[in-house]
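Next up, some structures in structure tokens.
Look for chain A in each of the two complexes below; its partner is chain B in the first and chain C in the second.
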Partner chain A sequence: MKRYIVKRVGYALVSLVLLSITIFLFVRLTGDPAVLLVEPGASQADLDAIHQQFGLDRPLWVQYGRFASSLLRGDLGHSFYYRTPVLELYLSRLPSSLLLAAAAMTFSLVIGIPTGIIAAVRVNRWWDSAGKIFALLGLSLPSFWVGLLLILFFSVYLGWLPSSGSGTAAHLVMPAFALGWYFAAAHMRLTRSSMLDVLGSEYVKLARLKGLPEALVIGKHAFKNALIPVLTLAGINLVIMVNVAVVVETVFAWPGVGRLLYEGIAFRDFPVVQATVILGGAMIVIVNLLVDILYALIDPRIRLDR
Partner chain B sequence: MNGSRSATLTVAWRLATFRSEGFPTIPLAILGLLLFVAVFANVLAPHDPEVGRLGERFHPPFWQQGGSETYLLGTDHLGRDVLSRLLFGARVSIVVGFTAVIVAGIIGTALGILSGYLGGWVDQVIMRFTDTWLALPALTFAIFLAAVVGPSEMNIVIILVVVYWTRYARVIRGEVLSLKERDFVRLAIVAGCSKWTIMKRHILPNVLNSAIVLGTLMLGVVVVTEAALSFLGVGVPPPKPAWGLMLADGKKGLMAGYWWLTVLPGCCIMLMVLSANLLGDWLRVKLDPQLRQL
Partner chain C sequence: MIGPRRIRLTALAAASLAVLLIATPAAGPIPTAAAAEGQATWAVHITLAPTWFDPAETPGIITPFMVLYAMHDALVKPMPGRPMTPSLAESWTVSRDGLVYEFALRRNVRFHNGEVMTAEDVKFSFERYRGASATLLKSKVAAVDVLDPSRIRFTLKQAWPDFLAFYATPATGAAWVVPKKYVEQVGDEGFKKAPIGAGPYKFVSFRPGVELTLEAHEQYWRKPPSVKTLVLRVIPDESTRLAALKRGEVDVAYSITGPLAEELRRTPGLALVPTHFMFTTWLVFPDQWDAKSPWHDRRVRLAANLAIDRPGINQAVYLGLSRLSYSFIPQGMEFFWTPPPYPFDPRHAKQLLAEAGYPNGFDGGDLSGDTIYGVAIGEPVVNYLQQIGIRLHLRPMERAAFFKEYGEKKLRGVIFSGSGAPGNAPTRLEQYAVSGGRYTYGAYPDVDGLYAEQASEMNPRARQQILHRMQQLIHDKAMFAPVIEPALLNGVGSRLEVHGLGLIANHAYSAPYEDLRLRRP
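Up next, the complex of A and B:
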């Protein structure tokens, strides 16, 4: 068990290092990084100062050493626009993002799990086909378009919900729906296939042989076990939601990290853009690591296998 | 006469059985139509997609009050013809989408085969990079790259390739690992084939199906990502007509109720993505029954 965890942590560390190298190289090799690191409209003297400050005339590995050590110290640079450290800025926006992601996740699970179960129990009936169409639509409609359509109907035509901003529960409804829509489809698909797996297993057959009513077989024996992979995916998806929310947050002017990224693009605030991608990647690597370890704790087959 | 009649019957029978197997007639027709529109956009478009008349701003589509036959689907905030922009937008989506999917597919498949077949340190290097890049949230990664290289249609293709080749590499490597243990590969080794020959002649043809299925499914993902990038202002630069860009422009008139600027480009994106996904799902079942859990 210990060996397994050490190995996983090692992989995660390698991933984090490769991630920082990737970001570092993309900035350095695609042109003069000083142009990105200096504010738009800066003079040649400013450019030279940046070259000096970041040691851009030194060999690449020296530059990477500096870059990595500042990352380790939590220094992700200063925002040109807000004049504050980017990390502070990011952390101040994170609660909003998490709130939106939590709301979207709740919505996606409330829709995805029951429809998935019904589709699995009534496999190949019309409900299953309806579920398939729903899943396909969920995976095919771009979330920002869904958001724009929601605004058109509920804000412009009906006037029921505010089109942008945050603060009240009413502000949360449409962004959560637009963001959660795709994930509801994904969760439905997984619930369906997981439920089908479980329903074919020996212990469900036994429960049926014992003469348990079908509702009890599905509700008590199958449901709980079918839920494990779905909840794992939901855990990973929560982090992914924070990172894909950029378009939805832009549509609804929701003040999360996605909106921060959009402002980073709009104001040509490169440190913000760079920090968002580094932190996003790091978050996903860490969550994957946690899921791997959690799985090994639950399921001995995994830790003995490798 | 008899011969041609039986041939017709055979064709009809084939079409009928295709239908019963869920042959995606409608998705293929839509994709074909989009392809046609993309090729002949300059012939079909009634107006210049990039130049508008400021006096003709915000005309609704022809069936609504205030609409005219000159601008069938209305005009946008600069008085540009929406229909013409949609037609030319198909060109952008098709060119960007297909190029990115194919190039990413070639790179990802090649690296997946190398990684899976050679194993050892080659596998370690390629797979560690693949895992790392897969961990980067695709859209954020694409935005970052766009901020680094700047917006242009060519750069969008490069960005999408950089972001999405990893999806192919992961899946193809897994396939190769199981193919490697099959008898025909072992026989080829015994027969003295070089590694290169085995990879090219024996492995590649067997993973091609998966690559094609994956590519079809990726088409939708790539088109949506391109639209999102354009929507955020780091994709196809204005005034070029791209559907994502049209949505960004349409947002300005949304609160005033200019619905056609938002609904129509989105419908085009949806049709293309939906068709690609339906086609991909069908191909997946058709070409590779073992790959249903892709």
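Up next, the complex of A and C:
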């Protein structure tokens, strides 16, 4: 088991190093940030001053060396645009992202799981078709469009909810719905397929043959087992929600990590983009690592096979 | 020996000979007014950066002045009716040889922390300035001397007619004054976190990228603001900005374009207010110095100018609210020469092409531009040129990549250029039309010669004549095809009686903030 864990941790570290190199190189492929910090037509002297100030006049390998050594010390650099430590910026946005992700996840589970169960129990009937349409729309409608429609309807026409910003529970409703719908659709589909698998299993058939009430068969015997993959997916989705709600956060002017990434990309703020991607990547790598270890603990075949 | 009469005469002569610019104060003592009350909220289209709280880091774009006009004040700055209005300086003089600028400071101006502003603060602010054109500005200044707490003198190394164009306009933030003692106490980073200035509004709080809250500085020297609280809220999406304006969550929404601007104009209770700033767009013909290129022929370049329906583009893209442009220099810039407008005359354009040997038109290559203006305005331009037979392929490029290739002189065909860099006509000419300019693909000896001549001309009138002649030559040669000076279209709600948009010529945003007024219920 120890060897397995060490191996997994090694993979995780290699993934993070590769991620840091990739993002470092990719952001630099996108162009010169100095151009976006001045007006078109700015003098070369002004551009040179910015290059010098941010160390962009150094060779690429020197820049990466500095970046990597700072990263090892826990220093994610200073934002070109905000001129503040990136970690400070990230941490100031993280609570908003966590709140939004938690709300969106609650919504996606509260909607996704019951509709998935109903669709599986009423397979190929009206409920199932409605569930499929719900899932199809959730997965295919772009979240910026959903967000704008929500604003138009609930803010402008009905005047029930604030159009953007943060601070109250009312501010959370529309962004949580816009972000949660996609994931609700994914959770609904997985719940449905998982439930169908379980409902077709021998022990459920036996429970029915024994004459157990249908509600008990579904609620106690089938649902519990069908829930495991859904919750595993939900855990990973929660991390994804925190880090990739770029569009939803931008449309609703929600002050989260996704919007920080958007701003970083828009202003070629290399340190912000690098830090956001690396921290997001680190979260996903850590969650995957924990899942791997938990699986190995639960199922010995996994650690013996690998 | 010099007698008293001689001394008096000399003094009189010096006084009359010196090029005096005794400016009248913009306002007298602090007028008494009712206490500030209420709140006004702006939906801002661009992310607010803490660097904008510190004039020392003004990056050469107009956007930070959205904040600077609230929190800080300058010796001289653009104000309603005057591009260079004495503010923290009551007046200034320029020596006849153009080497010495002396500013008399307004007395008893207080920073937000109660400290009185002095000449030491002005000197300190100039010396710590490190933003746009800092190197250029400081390279021209030999010494900054504090004569007494309310008088400061700048001595230049050699006569530089553009000193005020750089010092006293948004070209730099060097004239915006910060409190020396406080900055030394808290440091640069501390200053950005809790800035203190001499402007009409005090810093209250800032959530990076989210919201800036300011409160009225009742002791502001010009007049006490009438609105108690200002909130600048960042809302990146323009549909959301419009929704927030419609709901009354904000009072002003910056930058609403296209169909949304039309909707805004139709909405009862809301007003669409355009603002203009020193931004213009034009076509560059980089191949005009290549004898084999069709663009080498002046008639072809003139045909391109005549083929573009500028009013049509203005109507379609900016609801007719932008300024038409016939020069690559913005109309509001100092030393601008008004060229005769190019009529929209495709028939004449075709005739010119035929005379130049292209009766069936020609393939003009790419029209390279950025993904914002290069597409919105570039696309109709391509269509208009196509109608007379000049076939161009629109090549939208990401903004940074576009300006990189543009500056490295890698673009061919036609370039869709644009600039909002502050300055004056000579600074714009130097960048785009004179040999060695950052974006100059080629130049003409007569234009170059006149540029060198104006650089040492201290007489403003003579200098203006030279600069006008330069612009005339550029127009005659059809060196560029100017298109439009795009306006910033903004939405204003019904709560603000004075919203401040357009009060200061060529300033894109609401200002001066102390002039804002909420409508009485």
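The rule is simple: the second predicted complex is superposed on the first by the 259 of 306 C-alpha atoms of A that agree within 3 Å, B and C clash if a C-alpha of one lies under 4 Å from a C-alpha of the other, contacts with A are read in each partner's own complex, and residues count from 1 in each chain.
As a working rule, contacts are C-beta pairs under 8 Å (C-beta built on N, C-alpha and C of every residue); 3 or more make two chains touch, one makes a residue touch a chain.
The structure displayed is predicted, hence computed values, not measured ones.
In the superposition on chain A, no contact is made by A:Gly131 with either chain B or chain C.
By the document's definition of touching, of the two partners only chain C reaches A:Arg259; chain B does not. When the two structures are aligned on the shared chain, A:Gly180 is found in touch with neither chain B nor chain C. In the superposition on chain A, A:Gly280 contacts chain B only, with no contact to chain C. In the superposed model, A:Gly116 makes contact with neither chain B nor chain C. In the superposition on chain A, A:Ser92 makes contact with chain C only, not with chain B. After overlaying the two complexes on the shared chain, residue contacts for A:Pro271 are found with neither chain B nor chain C. Judged by the touch definition given at the top, the superposed model places A:Ser163 against both chain B and chain C. Residues common to the contacts of chain A with chain B and with chain C across the two structures: 30-31, 36, 144, 148, 151-152, 155-156, 163, 250-251, 262, 266. Those residues of chain B lying in contact with chain A across their complex are 128-129, 131-133, 135-141, 143-149, 220, 224, 227-228, 231-234, 247, 250-251, 254-255, 257, 259, 262-263, 266, 269-270, 273-274, 277-278, 281, 293. Per the touch definition, chain C reaches chain A in the complex via residues 47, 49-51, 57, 59-62, 130, 132-136, 189, 192, 207-211, 233-237, 239-240, 243-244, 246-247, 249, 398-401, 403-404, 407, 417-422, 428, 431-432, 438-439.
In the complex of the two chains, the chain A residues touching chain C come out as 30-33, 35-46, 49, 81-84, 89, 92-93, 144, 148, 151-152, 155-156, 159, 162-166, 250-253, 255, 259-260, 262-263, 266-268. Across the complex, chain A meets chain B through its residues 11, 14-15, 18-19, 22-23, 26-27, 30-31, 36, 136-137, 139-142, 144-145, 148-149, 151-152, 155-157, 163, 193, 240, 243-244, 246-247, 250-251, 261-262, 264-266, 270, 273-274, 276-277, 280-281, 284-285, 288.
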